[in-house]
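A, B, C and D label the chains in the order they appear, each numbered from 1.
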Amino acid sequence: MKKIIAVSGSNAGDGNLTEEILKIAEETGYLIAKKGGILVCGGLGGIMEAAAKGAKKANGITVGILPWDREAANSYIDIPIATGIGFYRNNIIVNCADCIIGICGRWGTLNEIAMAMGIGKPTIIIDGSGGVSDLLSKKEFLQTFKKSPIIVKSPKEAVDKAFSV
Amino acid sequence: MKKIIAVSGSNAGDGNLTEEILKIAEETGYLIAKKGGILVCGGLGGIMEAAAKGAKKANGITVGILPWDREAANSYIDIPIATGIGFYRNNIIVNCADCIIGICGRWGTLNEIAMAMGIGKPTIIIDGSGGVSDLLSKKEFLQTFKKSPIIVKSPKEAVDKAFSV
Amino acid sequence: MKKIIAVSGSNAGDGNLTEEILKIAEETGYLIAKKGGILVCGGLGGIMEAAAKGAKKANGITVGILPWDREAANSYIDIPIATGIGFYRNNIIVNCADCIIGICGRWGTLNEIAMAMGIGKPTIIIDGSGGVSDLLSKKEFLQTFKKSPIIVKSPKEAVDKAFSV
Amino acid sequence: MKKIIAVSGSNAGDGNLTEEILKIAEETGYLIAKKGGILVCGGLGGIMEAAAKGAKKANGITVGILPWDREAANSYIDIPIATGIGFYRNNIIVNCADCIIGICGRWGTLNEIAMAMGIGKPTIIIDGSGGVSDLLSKKEFLQTFKKSPIIVKSPKEAVDKAFSV
């Protein structure tokens, strides 16, 4: 059975994405597919699109769990799952994945990471990717919780962890 | 963008499945894939497994929207989406598909068909496939409603309709 | 702990409601409250409004699990729960209740009744109230299933059953 | 129409609750009810129980949106809504409320606050109540986001804001 890895991160227009951060997402998607994993994400733009683009470069399979309609799917999504339940769909992304990788992000990513941690799903954060991912990587943040996500420094480390947890 | 067609029907053990009915489901799945569609179903046994088996014979893609854990997926499912929300997952099956084909079935299928009709999703019923599908094909039943599902007599007719509605 | 009884039935505008049918719903709501139960419904018009009106006449508590916004709640709802998930909210109505009473209805009611039967929630249908409730009361219909809902002939019988199952 | 105010915070056993923090929750619940609001929460222990206890002292109405079964409801809940969808129920708490007040908390509270901020629901955090609420009140945290929750210092200030936003 193939591993299913979720990538969670900012949508296009969230205002905290740079070319460098999008490259991190693309490389993460590429490595997930290269190792034979299925990429799951929220199906929209920004980090989600970059990760899906990377996965397709390695001929992987990409699933987009969309908030409302299928038309919002980015062009690298093979399997668009239009849920019609908006923000609630974040739960499906987290639930269906073997583990989740956080890259940059704002409130939506924080919502997904918090859910993943809350239900005990292996959670990996790429430190240095900006947004809430950088925040979640800080000691002051993590000491608030009994359990912490796994903090990594690169896409390679993230995907290696994703396949070994 | 590929068509996404949902097949809804009895699980194994529902007690109303025969070899003949399973052949109907398998042929339906086969034809969906043959025409380039993605098969979505509930991912479990019975009609869902037979439809997925058929789709894989035509090298199609199969998605199983599962009630709880991924382990319950039948062996023909490429993309298992483990939702963790039980019966609620029926709504996702209906919502993400372009149209839904009902084959045999009991309460779960009736739940999905009723939702599909309620939200105006094209709904096709194979008359002669047993269970609630036969019931839903009867005039006495259909006259209770303002709008009716499309009643067909064969997998071929069902899939042709699914790609033309 | 108070009993929670769901009433499921046609919305205003579904086109199959008469004064007589609305009286059945109102009396059902009245009796639920009279016996100390909490009425749960979909919060909208038609059967839902009539049942809530009846419950308030007996000083009961009424909960409306709404598909989208709170503004859609009828004026007899004490506790509007605006879910923002449309048709999916039917599942919450069924799930949170001790038992469900079907009155008249179309596809939405059929969806709720089918879910209730599917998850083994006690389900009571008032025969003679029109719509899918009359359909579900017919032998030809029920013989399709292994388990049947409880068929009753009056609000009094429905509510007595609801408090004894 | 009555205001519906959600209180989000640690469950009993989360390990970050003190008598003082529980008093904050109880006073918040009391003030919500005193002002005529309906208290909505997750229905379990800890902050949820303390807030509901406070609301009942002021003869308020308390709604518990429960993850699974009704039996888990604390003894101050008037209306237990057993959803059967686990962590997904957090979304209903956020969605049905006019605004949400965060007190202490861990991953579950962070999940709810992040969703509330993500969908633009007025969000109030009591600084000094411990857990993620203290974290969310810090400048280093908030500067990660374009929009911030409202940070207050006391239950009175929180509830005043809740009725004026």
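Methods note: a residue touches a chain if its C-beta (ideal position, glycine included) is under 8 Å from a C-beta of that chain, and two chains touch if they have at least 3 such contacts.
The structure presented is a predicted model; accordingly, all values stated were derived computationally and were not measured.
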{"item": "Centroid-based (C-alpha) most distant chain relative to chain D", "value": "B"}
{"item": "Between A-C and B-C, the pair joined by more C-beta contacts", "value": "B-C"}
{"item": "Centre distance in Å when chain C and chain D are each reduced to the mean of their C-alpha atoms", "value": "30"}
{"item": "Length of the line joining the C-alpha centres of chain B and chain C, rounded to whole Å", "value": "28"}
{"item": "Distance from chain C to chain A - Cα centre to Cα centre, in angstrom", "value": "41"}
{"item": "Per-residue multi-chain contacts in chain B, two or more chains", "value": "84-86, 88, 91"}
{"item": "Chain A - residues contacting chain C, complex", "value": "84-86, 88"}
{"item": "Touching residues on chain D, where the partner in the complex is chain A", "value": "15, 86-88, 90-91, 106-108, 110-111, 114-115, 117-119, 131-132, 134-135, 138, 140-141, 144-146"}
{"item": "Parts of chain C lying in touch with chain D, wherever the complex brings them together", "value": "1, 4, 38, 61, 63, 65, 70, 78-85, 91-92, 95-96"}
